[in-house]
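In what comes next, subunit A is part of two complexes: it sits with subunit B in the first one and with subunit C in the second one.
Now for the complex of A and B:
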């Protein structure tokens, strides 16, 4: 068990991050080339001002028309993303791994607070599942890619929580690491690619609305 | 969808049958590290009993394996510092040329457990929650 765990938090973690870095650059580069090839005028219209204006306005909850249309989904989306990022950075074991490897220290969450945030984030995932199943429009556009992405996100959260509760002994932290690494590697190849593309998508739409249509896109 | 979810559920169902305690079972010492300098604790102090640990690890004659010396950020594996509290050199807060206390403990235990492929390396296997 030790050697498997050491392999997972050592070489496998490095491999996951390197694969992510390389494939993320490749995905962004090939998408940029595709845009240049198929939609050259849009590239010409890209503007920092309209891009940032759109990004900032969509970062504010309930600021855009899109956020106002689905109030519950908006709340769940913001809570989910904020909690997820906070958990990834600020749970104590993650900081300790960084401290052991690189000497990085910063304040972290208590394990009780981490448990609560993890539960909230899992609840958000449940809402996403519920919505995909019950909302006819969403169900119509749902593909297996969406379920895989949701599963990849939920798995490290569930294993983290069970591990924190002591369920499954040493297997659970190992599963947590492995599922998290699966998630990291899958980012460029699944719907999770929005982590890479979201800002550029916003920038693209913002630039078109600002520079071509001369109106707001939020 | 069932094709995906059924195996996942089965895996989790299987894991629930593994008693949480079984992983850190045999021959676990009773005592815990006593380093009040590191308080407040987010996790229970690590389980560690000096003599039983060293007997099991075959370290009785090899104090320097843990109680090393050093200067200017360099470890000295010839200088036996047994009896000197770790905190005397390893300050709690970061200082130039010093591995801070918590990192020193973690690296000391985990690195050796890794190299020997014996002893726990996961958080809660040492920081067993107190009942």
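Now for the complex of A and C:
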């Protein structure tokens, strides 16, 4: 079991990150080229100023019409994304892996704090599930991809929490690493691709609204 | 809960669909995806998280008891998402429904952009569906008729060249009784601007040409109106999906200014025509900006007031509200200028909420009203939201500086019995300005 774990956090993790890096760069690069080739009349209006204006305004909770109209979802969305990023960077085991690989050290979360944040993030996922089932519009447009993406995100969180509570013994940390690697590899090919593209779609519509439509897009 | 449950008989759609096969649909879809769409559609399709936040943005959704099949994402789900998932292998019957959604249940108003954290442009996706339906020959009969008129006459209403000129002479003649010496200068080379209108003006709102001539005359403008095709700035081809024709129309409109050697074009109070010159038609022709300066009537009237060229005898005292037309407000940011002009004319402006770039569409725009009587009920009932907005203001007059908005709002005011009078800015300026004794 130990050697399997070492393999998972060693070569397999390297493989996952390399696959992510290569496919992400490939997806972004091919999307950029496609845009240049086929959407020149849109690319022409891209502007740093209006892109950043749009991104910043949408990063402020309850600033846009969409955020204001969906108060609970807004809170959950912001909490989920912030907690997820904080957990990925600041839990001690992740820092140790980075230290072992690259010698990077920085302050980390206590295990209690990490557990609380993980619980909150899982609760956010539960809300997403609840909303996907109970909100008529969301249910109407939900397809298997949406469940797969949610499952991919939730799995490493659940296994991390169970592992931290000692449930399942040695198998749980291994499952955590494997599900996290599945998530990493899946990013460019599932709905999670919004991690790669959302900033650019936001920047594009921000540029259109700023440069062509002369009004705000939030 | 699906377009299949609410299909409306339309001869154009039925005829188009009768000639389709699944193979032809698939071939056409693949050609569209390979040749005409690119990263925008791909990124929008892949990045949409199906969160449903856009639903509340849409007047069709909120006016239909939150029926998800009217939500922007619901409409995309029944059209583009289905086509992409099935690689274009759908039935002719599916195409009927997709065309009905894209042409008659979305005004391309872009209100939903304000609700989408990712910035997905549903109007672009619906426009692409329309383009696809156009290529398949599946278009609602009425809007296709206007597109045919554009192709045959370069105007939307089958107005013949001599009828157009006669209409101008007629209005000039009528107006000279009230304004002695008034001219509608025709084809005057080197004038400051030429004034372009949409073809429904000579066809059935001819008094608007009279009013415009009166305003130009009183303001002492150096202007002209063209006798040649290109005078019609409207563009239903942009909405039917006939982009080749859209390009021809816009080129003619711009080139007319160059032929007349005028400094700029002033466009009448129309929304979609303006969209076609700053957003769609110019892009199709490869112009990032106008090849000839173009100003909308709102900008033009604001200029006249700023320069003190219009003298008024008084202002409207009754409560007046302002409808913000999507294509010039959310589309071009003229909300402050519109308010500046409105406040010049009225003492008691009551804003309706949400307003400015967040305003609800009139439900006529995007070519929806041009799809004709079969779909009237859908758009009128689909805009209870607007009726409630109008009612809440308590205003007796509503300013709507757009032809399509007038058509749509008239129907809504009538259907919901709101007792509100609709006005163009030009109506109010003409009514209030100083006239010869």
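In the analysis below, the second predicted complex is superposed on the first by the 216 of 218 C-alpha atoms of A that agree within 3 Å, B and C clash if a C-alpha of one lies under 4 Å from a C-alpha of the other, contacts with A are read in each partner's own complex, and residues count from 1 in each chain.
In this text, contacts are C-beta pairs under 8 Å (C-beta built on N, C-alpha and C of every residue); 3 or more make two chains touch, one makes a residue touch a chain.
Values in this document were obtained by computation on a predicted structure and should not be read as measured data.
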### Message
With the two structures overlaid on subunit A, would subunit B and subunit C clash, or do they fit side by side?
### Response
fit
### Task
Applying the touch criterion given at the start, work out whether A:37 contacts subunit B, subunit C, both or neither, answering first, second, both or neither.
second
### Task
Would you check which partner chain A:135 touches, where first means subunit B only, second means subunit C only, and both and neither mean what they say?
second
### Query
Given the touch rule stated above, what does A:214 touch, subunit B (first), subunit C (second), both, or neither?
second
### Message
On the A-aligned overlay, A:110 touches which partner chain: subunit B = first, subunit C = second, or both, or neither?
### Response
first
### Query
Touch check for A:5: first (subunit B), second (subunit C), both, or neither?
first
### Message
Looking at A:72 after the superposition, I want to know if it touches subunit B, subunit C, both of them or none. Which is it: first, second, both, neither?
### Response
neither
### Contact breadth on subunit A, by residue count: subunit C or subunit B
C
### Query
For A:143, is the partner it touches subunit B (first), subunit C (second), both, or none of the two (neither)?
second
#### Entry: Superposition-derived minimum Cα distance between subunit C and subunit B (Å)
17
### Message
Per the contact definition, I'd like the list of subunit A residues that touch subunit C in the complex.
### Response
31-32, 34-35, 37-39, 41-42, 44-45, 54, 58, 64-67, 69-70, 73, 77, 135-143, 146, 191, 193-194, 197-198, 200-206, 208-209, 212-218
### Task
Over in the complex, which subunit A residues touch subunit B? Could you list them?
1-3, 5-6, 92-93, 96, 99-100, 103, 105, 108, 110-111, 147-148, 151, 158, 162-163, 166-175
### Complex contact set, residues of subunit C against subunit A
1, 36-40, 42-44, 46-47, 49-57, 61, 66, 68-69, 71, 73-74, 76-77, 81, 85, 113-121, 278-279, 283-284, 286, 288, 329-335, 354, 356-358
### Summary
Given the complex, residues on subunit B that touch subunit A span 1, 4, 8, 12, 15-16, 18-24, 42-43, 94, 99-100, 102-103, 106-107, 110, 113-114, 117-125, 129
